[in-house]
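These notes open a run of structures that come right after.
Across the two complexes that follow, chain A remains constant while its partner is chain B and subsequently chain C.
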Partner chain A sequence: MSYNSFIYLFGFLVVAWLLWAFAPQKWRPGVLLGASLVFYFASTKRYIVYILLAAAIAWGVGLLLGRLDALQADTRPALPADRRKPFKKEVGALKKMAVTGGVAAMAGILLFVKYLPFGARVLSQLMESLPGSPVFTVPTLVQPMGLSFFTLMAISYMVDVYRGSCKAAERYWQVLLFLSFWPHVVEGPFDRYGSLSPALLDPPPPSYRNLTFGIQRIVWGLFKKMVIADRANMYVKATFDDWTQYSGAATALGVLLYTLQLYAEFSGCMDIVCGSAELFGVHPAENFRQPFFSASVGEFWRRWHITLGAWLREYVFQPLILSKPMQKFARLCRDKVSPAAARQWPVWTGLGITWALIGLWHGAGWLYLLYGLYYFALQWLGELAEPALLRVLPRLPVWRKARPYRLWQVLRTFVLVNFGMLLFRANGVWAAVDMLRSLTVPYTGSLLIKLDARDMAVLAVGAAILFAVDWLHHRGHQLRAELAVRPLVLRWTVYIAAVLAIMIFGAYGDNYDPAAFIYAQF
Partner chain B sequence: MKSCIKHILHVTAFLLVLAMAVFLAGHYLMPHSNRYLSGYTAGGILGEDFDTIDVLVMGDSNAAQGISPMQWYCDSGVTGYTYASGWLSVYNIYYRLRSIYEEQSPKVVVLCTDVVYSRMGDETELQAAIGDITDELIPLVRFHDNWKDLTWDNLLEEHDYSWRDTNKGFTPITTVGASMRGDYMYDDGSREPIPLLVRLYLDRIVKLCRDHDSELLLITVPASSSWNLARHNGIQSFADENGLTYLDYNMADTDPGINWKTDTPDGGSHLNVLGAQKLTAALGTYLTGHYALEDHRGQSGFESWDQDAAAYTQSMTDALAQNQQAADYQLSVLEQTA
Partner chain C sequence: MHTIEEIIAMIEEVKPGLHPAPEEELVKSGKLDSVDIMSLVMALTGEFDIEITPLDLKEENFRTPQAILAMVQRLEEE
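After this line comes the complex of A and B, so read on.
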């Protein structure tokens, strides 16, 4: 059930909201759980067992951690002073074992289903080069919807309970609701149990504001997806799938439109899901904050797919650089190289691993790994070049405060991100190399590929509206709240114009080939 | 409570205004000519004088390329129209038939049953139904892309739905692409069930025809690549349950004499002019033999049909010659490769 389908918007969502709104308060979480399971089952059928299993593991581990904490709190004060420390250590070791087991189980499910075929393929290719090695194949497993999202959210839940930053859920259904909550199970965002569960388990009563604001956000998401992304998809599909036919401006426009498509689609999907959740008084984490106004790739990634970056920072990067092997590595650097190296090298190692994981999270393939390492290389080179730049341009810190320099940084980041998008969308590493090479070859054909001039005009106007709204948000405006206090005629005109724009200019029907949500594949 | 009622009224008023805007926009974006109302030339039926069509054929591209009602007029004076276009579904047909009844009172409605089992791409049954029904109920959804046809010149132009099709909905195809499938109606004992929602709308079509005193005749256009005995059995069962006549022209006993080496343009999906001529003749014989259909030739009010018949005869002579040439070439190629 796609988030922009008629069945979802006018069937599922309406029925779920009515049931939720008219249910007694204590049944409302049950309605949300029922709706989430129906949504998930409708899309995945028997593969629902994966999420049931993940929730069972996370709940069990959480419960165990909670019980161990309670045991410690109850027992420790009564113990003699000399027994308290060893007891704490024993409980700590048990907790660590429990959380490690839980995380390993969750990572195991993810690795087994998503990465095993890729790993086996790589191993098979390596072994093929050895004489007399056995030939083996590993069948591709069906990846259940949202696997990359609910396993990581389950890990975050267990780790948060272990760290004491959220309380363990008492009931299985509470964890199941958190993991399967339909607005975030397909494409995220990566929510945290601690911040989402209060609204999920004790939702606020239905409110007119939540209802209208939620619908407005859904409409805005649909505009991005159906008017911009699905229209751009036709050009993108042609230029990326048939990359050998195009070069120069056609390829460059294809890359630009892919960037636009991915942004409009992913952020549009987030608008639809956040709007959907808002109808029920739930506010998932924001995943985008005007990423194309970023002055560096680092900033870009703090504004693009925010919750993935935050998840990896908190649950991979930080534990990694604070881990014993990394501290040992830091000491080694200090002893053998320099104190500066001891500060920098472990951090860069941790960053390299994190970026590689960001790439691989998107898919099991070399290109995705390359995609992640591309951003790592950009950040690393940027840091390395900084001292040299300051030597050559001593006035750089002063210039950096000027508006034109900021504009240059934004443009530079935009171009670098577009190269990243080329890697991300290309049909393989060699296709990406070919496309990069073809950018320098002049293209003499028409740039109206699969789209006519009117489609291009709609894309241009759609993109202008998208970035104008982003700009207003960037400047601190809260458009829905500001519009809500305007005269009724103006408000209704805006709302009706938005709906008509989607219905008229939406790329749906026989003449178009709308794409499935891209991030739903990850 | 007071604020709740206020909000409900507010939302209701907004939805009413929105609905008006959507329907106005839909009306505005409808094609300026009935020529472009539907695929092929189905829209031409709106250009016919009221209550002049006695036999209405409804179906998808198989019907549009396979049944030529003007041939009936030339042979026996029966007026007919093939309302058919690519991927027309049972849902579409129900709503289109309902609107056709506003202008025409056909004595016989011929429903081509290919539509019962055909579905585009990887859509589910529910998705297909919702998509098609939405198309029919909200014109803006169906015609939304027509904004591209708007120019400064036609921006305020009135709709003109008087265009008539001399072929009466038939689309002649003169190319040949042989089908080498052999016997495609072999019996494996199965019966393909009619999907639930399709069945629901078939029942509605049956009722609609009864309400308008039209006889409903089910037929299947020969199609070696998409039809089989299991599907035949499914339709036969439906026909039996509803007391309807069903003619499957894929069956040996009703075969109009289709030569799959020469009478199809695309390997057995559709019929070309040679095949259409055979099927139309066979269906015409059945219609005149089983229903009280008037000979309208020379009658007042049917002058335009006589004019159209002359134009049709001329164009079909050319089309047949062209098709025959293509058929001869196809046969020679097959002989060489045999």
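After this line comes the complex of A and C, so read on.
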């Protein structure tokens, strides 16, 4: 059931909201769980077993950790002073064992289902080069919807309980509701149990504000998806799938439109799911904060797919740097090289591993790995160049806080991100290399590929509206709140105009090929 | 007992060009990002022989040079 489908918007969402709104308060979490399971089952059928299992593991580990904490709190004060420290250590070791087992089980399921075919393919290719080696078939496994999302959320739940940053859920259904909550199970955002569960388990009563703000956000998301992303998809599909037919301006426009498509689609999906959750008084974490106003690649990734970056920073990058092997590596660098190397090399090693994982999280393939490492290389080179820039810039007539310099940084980041998008969308490593090469070859054909002049005009106006709304948010405006206090006529003119724009300019019907949500496949 | 000057010198090494005052905000303002903070953590653990765990990596512990000093002193006492 796609988030922009008629059945979701006018069937599922309406029925779920009516049941939720008219149910007694204590039944409302049950309605949310029922709706989430119906949504998930309708999309995945028997593969629902994966999420039921993930919730069971996370709940069981969380419960065990909670019981160990309680045991420590109750028993330790009554112990003789000399026994307290060893007891704390013993309980700590048991907790560590429990969380390690839980994380390993969850990561194991993800690795097995998502990455086993890739690993087997690599192994098979390596073995083929050896004389007389056996050839084996690569297994293919069906990946259940949202596996990469609910697995990471289950891991964060267990680690948060272990660290004491959230309380363990007493009931299985509470964890199951958190993991399967339909607005975030397909494409995220990666929510944390501690911040989402209060609203899920004790939702606020239905309110006019939540209802209207939720609907507005859903409409805005649909505008981005159906007017901009699905229209751009036509051009993008042609230039990326038949890349050998195009070059120069046609390829460059294809890359630019893919960047627009991915942003409009992914952020539009987030608007639809956050708006859906808002109808029920739940506010998932935000995944985008006007990323194209970033002055550096690092800043871009703090504003683009925010919750994935935050998850990897908190549960991979930081623990990796603080791990014993990395501390040993730091000591080795200090003894053999310099204190500066001890400070930097382990961090850059951890960052390289994290970027590789960001790439591979998107899919099991060399191109995704290359995509992650491309951003690592940019960030690393940026850091290496910074001291030299600090020496050179004061001698140049450049004021780093001036608006033109900031604009230059934003444009530079935008161009670098577009190269990343080319890698992300290309049909393989060699196709990406070909496309990069073809950018320098002039294109003499028409730029109206699969789209006519009217489509191009709609795309340009849609992109301008998207840019303007982002700019206003970037300047601190709260557009929905500001619109809510405007006169009735103005408000309804805007609402009706938005709905009409989707109906008239939405890319659907016989001439279009609406794309499935891109991030749903990850 | 460590001093605020030592902490500021360490921040200046990690982030060339940054010369923060003791109460200057470092995290929300974007003066230190997550990579800088981890480089600073490596410097603190190496120079001061303290153990910093993921639980200590909270924004409030790195908000200002003074907050970093307070964290170092707390970890030394533990």
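Note that the second predicted complex is superposed on the first by the 518 of 522 C-alpha atoms of A that agree within 3 Å, B and C clash if a C-alpha of one lies under 4 Å from a C-alpha of the other, contacts with A are read in each partner's own complex, and residues count from 1 in each chain.
One rule holds in what follows: contacts are C-beta pairs under 8 Å (C-beta built on N, C-alpha and C of every residue); 3 or more make two chains touch, one makes a residue touch a chain.
All of these numbers come straight from a predicted model, not from anything done at the bench.
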So, does A:Arg454 touch the first partner chain B, the second partner chain C, both, or neither? first
With both complexes superposed on chain A, which partner does A:Leu500 reach: first (chain B), second (chain C), both or neither? first
Between chain B and chain C, whom does A:Glu383 touch in the aligned arrangement: first, second, both, or neither? second
Chain A residues touched by each partner, larger count belonging to chain B or chain C: C
Give the list of chain A residues in touch with chain C in this complex. 163-164, 298-299, 302, 313-314, 317-319, 321-322, 327, 330-331, 334, 339-340, 342-344, 346-347, 350-351, 379, 383, 386-387, 390
How about chain A: which of its residues touch chain B in the complex? 5-7, 208, 452, 454, 492, 495-496, 499-500, 503-506, 508-509, 511
Interface with chain A, chain C side, in the complex: residues 13-14, 16-17, 30, 33-35, 38-43, 45-47, 52-55, 57
Where on chain B does chain A make contact in their complex? 3, 7, 14, 17-18, 21-22, 25, 29, 126-127, 130-131, 134, 140-142, 144-145, 147-148
